[in-house]
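First chain A sits with chain B, and in the next complex the same chain sits with chain C.
After this line comes the complex of A and B, so read on.
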C-alpha cells in the first residue's frame, strides 16, 4: 500500500507522531480529554477548547496486568483499556487531564469506578432506551458535562463555540464516510486491514482539521488508484461486512484471517467505523441536536436496538456484501446475545450468509478460526456457483 | 477420472480413492508428523486400489494438516468436505454432525450437498474425541470398552463440560463407588448435551448424518440421537466421510 499511496504512509505513522504532538500541546497549556467510546459527545470537549483523544484498549499486551484486578472472564476490550491505564503504557491516557466515560455495558461501568481512582473521571449516565424521556435525561447529562468541563478547565462553552464544534465534527464524519464509501467499488480499492489502520490511527490525532485534510487526500489518492484499476482484490474476492464489537489494531485477528484466506473486508459496521459517520443534524437547540445524535448510536447496550438491524440491512445492500461476520468478544453479553437477533433479521431480509465468531484478543484459537472463516468463504463461493 | 481425497486430522489421517465409486479407503494414525502420515495414507490407498500415482488426476487435501502436504492440487476445509461426503452416502441428508479428535461441528446441507450454515465448538475440548479419550483414560478402558460399558446402564449426571474438570468429577464418582457403566453412560450424555447446544445454532433436519471418528462409538450415536430426537444415519466408516468428500470435490471439478 505504502509505495503507491503517500497519504496512507503518513497515516500509518500517526500514532507515534501524535503522542509527541500531544505532549507539545500539553506543554503549551492545552487540556486533554480521553474518551473510550462513541457515546462521548466530543463536540462539548472541542467547544471547551480541549483536545479529545481516543484511549488505547485494542492490544492484548496489558491484559495480564489487568487480570490481577479484573475477572479473567471479562471482555478483553475492558481488560485491555484498564491494563493500559494501570501500567501507564498508553501515552494518551498519560497526558489526559480528564477521562470521559459513559454507563454503556455493566463491565465498563464497573471498570470506570476503578479507573476513577487513577485520574479525574466524568461518568455520564447513558439511558439505554432511545425515546423522548431518555432524550430529556440525556440532554441533562450533557449539561452536567458542560458544567464539569467549564469548571475543570475554567472556560465558558458558548453557543458559538458549540456551533463551530458541530461543524468541525460533522466535517470529520463526512470525510470518514467518503473514505469508507470508496469500498463500495468493486473490487474494493483498499484492504480491510489498511482501512482499519487508517480508522484506528485517526483516533489519536490532535489536530482535527489536519486529520480531515489527510483523510480527504487519502480518499482522493485511492479514488485515482481505483480508476486505474488498482486494487489488492479481484471481482471474485468474497466481500465481507464485519459487524459487532469494536475492533482496532491489535484486536484485528479476524480481519487479518479473512483477508489472508482470500476475502476482502469491505465494510466495518463497528463503532470506530460506520456507526461513527452519522452526523449531528443541527436544529434550533444545538445541545438537543447533539444529544439526539449520540442517543441514536445503534450499540447493543441499547434495548431494543432496532437501529443496528436497519443499518446492517442498508450496508449489506449498499456495499453488496457476500457475507456478514458478527464478531463478538468473550464476555460481551450484549453483542453475544444480540447476534441471534441480527442473524434472524438478516436471514429474513437480505438473506446473506452469516457467521458469528466469539473470541478474544489472544492467538490461541487461530487454527480453529481459520477453519471456520475458510469454510465460510467456501460457502460463499459455492453460493455464487463456483467450486468450493 | 480418478481422484484422491486426503484428510489429515488431529488423531487419524484418512485417504480415499474415488472414480465415481469408492475404490480404496485407508486410515493411519496421524502421530507427530502429519506430512508423513498424509503420504503414507495416500501410498496405502493407491496400493489398496491397485493403481499408480500418475493415474490420479486430482488430489484434494482437508483436515488440520492440509497445509502440510505439497502434493495437493487443492485444499478444502473439512466442513465443506464432510457435507459433500455425507451427501454422497445419504443424498437425503440435510444435517451433518461431525465429531473429530479436537473439534465438533454441526453442518446444515442443501439438496446439492453444499454447506448452508454451520456451527463449531469453541476453543475447548468439550464434546470432542479428546474429551472421550481423557474419560476413557480415567476409567482405564479403551474407547470401544467405554461404549460397551454404557450399554443398558443408567447414566449418572456429569456436569462439567471441561475435560479437565470432568476428569476430577469422574475421579470423585469412582471414589464414591459409582459403577463404571453409569459413568460411561453419563459421559455420553454429557457429550450429547454439548452437541445439542451446538445443534441449536443451525437449523437441524430430521435427516442427520453422524460422521467423524467418534461416530464409531455406537452407544454415543444412540445417546446423541435420543437427546436430539432424531434418527441418525451412521456410515460404516464414519471417519472416512471427510476424505471421501474431498475426493468427490476433486472428481467433480
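After this line comes the complex of A and C, so read on.
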C-alpha cells in the first residue's frame, strides 16, 4: 500500500510520532486516561478534557516478564498488557494518569487488581447481561465514573461537553466504518494486514479530529485506487471474515498467514475494528444513550451474546465473505466456548465454511496453522468452483 | 472413621439413598431446583417449597463427553458439571425442574448458555464487586428470581416462608460450622478425607432438618471420641489448611495425597466447606439480609476479594494451621491470578509455608504432586523442629 497511498504512509508512522505528541500534551497539563477495552465509555474521558489512549497489549515482547506474576495459562493479550506496565516499556501506559478498567473477563478483572498497585485505577462494574435492569445499573456506573474523573482532574463534565464528545466520537466511528466498508468492494481495495496497521496505529492518536481527517483522506485515496482497478487481490481471492478476539500489530499472525496463503481478510468482527463502529444514538438523556451504546457491545463476556450472532450474519452477507475464521486466544474461555454457538449459527444461516483457530502471540504453531489455513482456503476454492 | 462412628456410616451411604428420596419427593409433586454455586440464594428456593440440590460436578467420569462441546482448557469442575448433564448420568440433574445459575466465572457463565438448551435455566446477574450499588442491584436480581420461582412453581413466597427458610438454613450453617470447628482440636478428630465425604454427601440431602440432626449427631460422636483421645493423627501431624477451588468426592486427589503423606487437612477454605458457614443476619428487610449474605461470599470472582484474605488469616490462626495449600483447577483464571495476592498476604501476616497446586481431576500428575507435597510437609516439619 506504501508509495501509492500518501495517507497510508502517514498512518504507518503514527505510533512513534504519537508518543511524542502525548508527551508534549502532558507537559502542557493535559491528563491521560488509559483504557483496555471497548467497553470503556470514551465519551466521558473526552468530556473531562482528558486524552484516552488504548493500552491493550498486542506484542509478545513483554509476556515473559508478565509470566513472573501472572499464570502462563492466561490469554496473551492480558499478559502482554500487564507486561508492558510491569516493564514500563509502553509510553502510553507510562504517561497515563488514570487507568480505566471494567469487569469484563476473569483474566482482565483479576489482572486489574495487580495493575491498580502501579497506577490509580477506576474499576467499572460491567453487567454481563443486556437487559433493562442491567442498563439502569450501568448508568449508575457511568455516573460514578463521572464523579471520579471530575474529582481526579478537577473538572466539570457538563451536558454540553458530553454532547460535544458524543459528536466527536460518532464522527470517528463514521470515518472508521466508511474505511472498513470499502472492503465490501470486490476485490477489496486494501489488504487485511494494511487495514490492521491503520486501525492499530490510529488507536494511539492524541488529536481525534486530526485522526478522523486522516482516515477520511485514506478512504478517499483508496476509493480512487479501487476505481482505477488497483487492488492487492483479484476477484478469485477467497474473502475471509475474521471474528473473535481482538488483533493488532504483533498479534497479526493469522491475518498475515491468510494473506500469504492467498486469501484476503475483508472484515474484522472484533473490538478494534467492526465492533467499534456502532455509534451512540443520542436521546434526551445523553448519559443513558452512552450507556446503551456500550452495553450492547457484542462481546463474548455477555451472556447470552446474541448481538454477535446477528452482527456476524449481517457482515458475512454484506462483505460477501467466503469463509469465517473464529480466532480465540489461548486461555480466553468466553470466545472459546462461544465458538460452538457461532459455528452452529453460521451453519444454520449463511452456511459459509468455518474454522476456529486457538493460538497465542508466539510463532510456535505457525507451520501447523499454515497447513490448516491452506486447507481452509482450498475448501473455499472447491466450493466456489462447484457453484453454477 | 467407619465402625467407630455410627453417624459417619449413615452419612457415607447418603448419596445413593438421597437419589431415591428425591425421586419419591418428585412423584409426590415436589419441585427440584439445581444449583451450581454457593452464590445461589437457597433461601428463596426453600421458601418456594422446592428442593435445592447441588449439581457441581466433582467426578472425572463425564469430562470426555463434555469435551466434545466445551474446550478442553476449561476447568474440570465446569466440564464435569456439563458432562453429567449431557450424558444424563446424574439423577439430581435429571430430576431438576429448574436450573439456577449466576454470572460468576467466564467458563460457568458461557457453559450455562449451553445448559439452558437442555433444561429451563434462570440466570442471575451477580455483581463482581461488593459495594452498596452492587448490593442494590443484587437485591433486584433476588426479586427477579422470586418472580421466576413463583411463576414456575405456582407458589407465593411470603415473608413468613422467607423467615422460616432463613432460620432453617442458618441452622444448617450452624451445624456445619460446629462440625468443622471440631478440627481446631489438636489432633484433629477426623481426617480431611472423611470430613470431605461428610460435607459432600450431605449436599445431596432432600430433608434439611434430618441432615442437620445427622450432622449434629456426628459432631457429638466425634467430640466424644476426641475426648477419649481417639484421632487418626498425632500432635506431630502437620496441620494443613486447604484454600482455593471447591473439592468433593472424585476431585479429592490433593486431600488424599496430603493425608497419605502424613499430613492432616484440618480446614477447607472453599465453597463446599468453610465459605458456606457464614449465616444470613436477618434485619428488617429479609431479602436485603439474604442479598448481603450472598454478596459477601469471598469468591475469587469478586474484585477485589479482600474478604478471602481476611478469612484465610483468621482460619490459619484459629485452626493453628502449619501450612496453606492453595488449590487451583487448571483453567480457573480467577483463583490462579489471586494466588499471587494470597501468598503475599499470608507472608505479610501469619507467615506460614504456602504451596500453590494447579491440577485437574485426573491422576496424570499424581507422582509429581506427591514429590511436591512431600517436600512441603518436610519443610513444615523442619520449621517446627526449629521452634523453641
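Throughout what follows, the second predicted complex is superposed on the first by the 384 of 388 C-alpha atoms of A that agree within 3 Å, B and C clash if a C-alpha of one lies under 4 Å from a C-alpha of the other, contacts with A are read in each partner's own complex, and residues count from 1 in each chain.
Throughout what follows, a residue touches a chain if its C-beta (ideal position, glycine included) is under 8 Å from a C-beta of that chain, and two chains touch if they have at least 3 such contacts.
Model, not experiment: these values are computed from the prediction.
A.B. asks: Thinking of the overlay built on chain A, is A:364 touched by chain B (first), by chain C (second), by both, or by neither?
C.D. replies: Once the two structures are laid over each other on A, A:364 reaches chain B alone.
A.B. asks: Let me test your reading of the model: by the given contact rule, A:379 touches which partner, first (chain B), second (chain C), both or neither?
C.D. replies: In the superposition, A:379 touches chain B alone.
A.B. asks: With both complexes superposed on chain A, which partner does A:150 reach: first (chain B), second (chain C), both or neither?
C.D. replies: A:150 sits against neither chain B nor chain C.
A.B. asks: When the two structures are overlaid on chain A, which partner does A:97 contact: first (chain B), second (chain C), both, or neither?
C.D. replies: Once the two structures are laid over each other on A, A:97 reaches no partner at all.
A.B. asks: In the superposed arrangement, does chain B or chain C reach more residues of chain A?
C.D. replies: C
A.B. asks: Just which bits of chain A does chain B share with chain C as contact spots?
C.D. replies: 358
A.B. asks: Using the touch definition up top, name the residues of chain C that touch chain A in the complex.
C.D. replies: 69-71, 73-74, 103, 105-107, 109-114, 123, 125, 127-129, 133-134, 137, 140-141, 144, 300-301, 303-304, 330-331, 333-334, 336-338, 340-341, 358
A.B. asks: In the complex formed with chain A, which residues of chain B make contact?
C.D. replies: Chain B reaches chain A through residues 64, 76-80, 84, 103, 114-118, 120, 122-123, 249, 252-253.
A.B. asks: Taking the touch rule as given, give the residues of chain A at its contact with chain B in the complex, in rising order.
C.D. replies: For this pair, the touching residues of chain A are 353-354, 358-359, 364-365, 367-368, 371-372, 374-375, 378-379, 382-383, 387-388.
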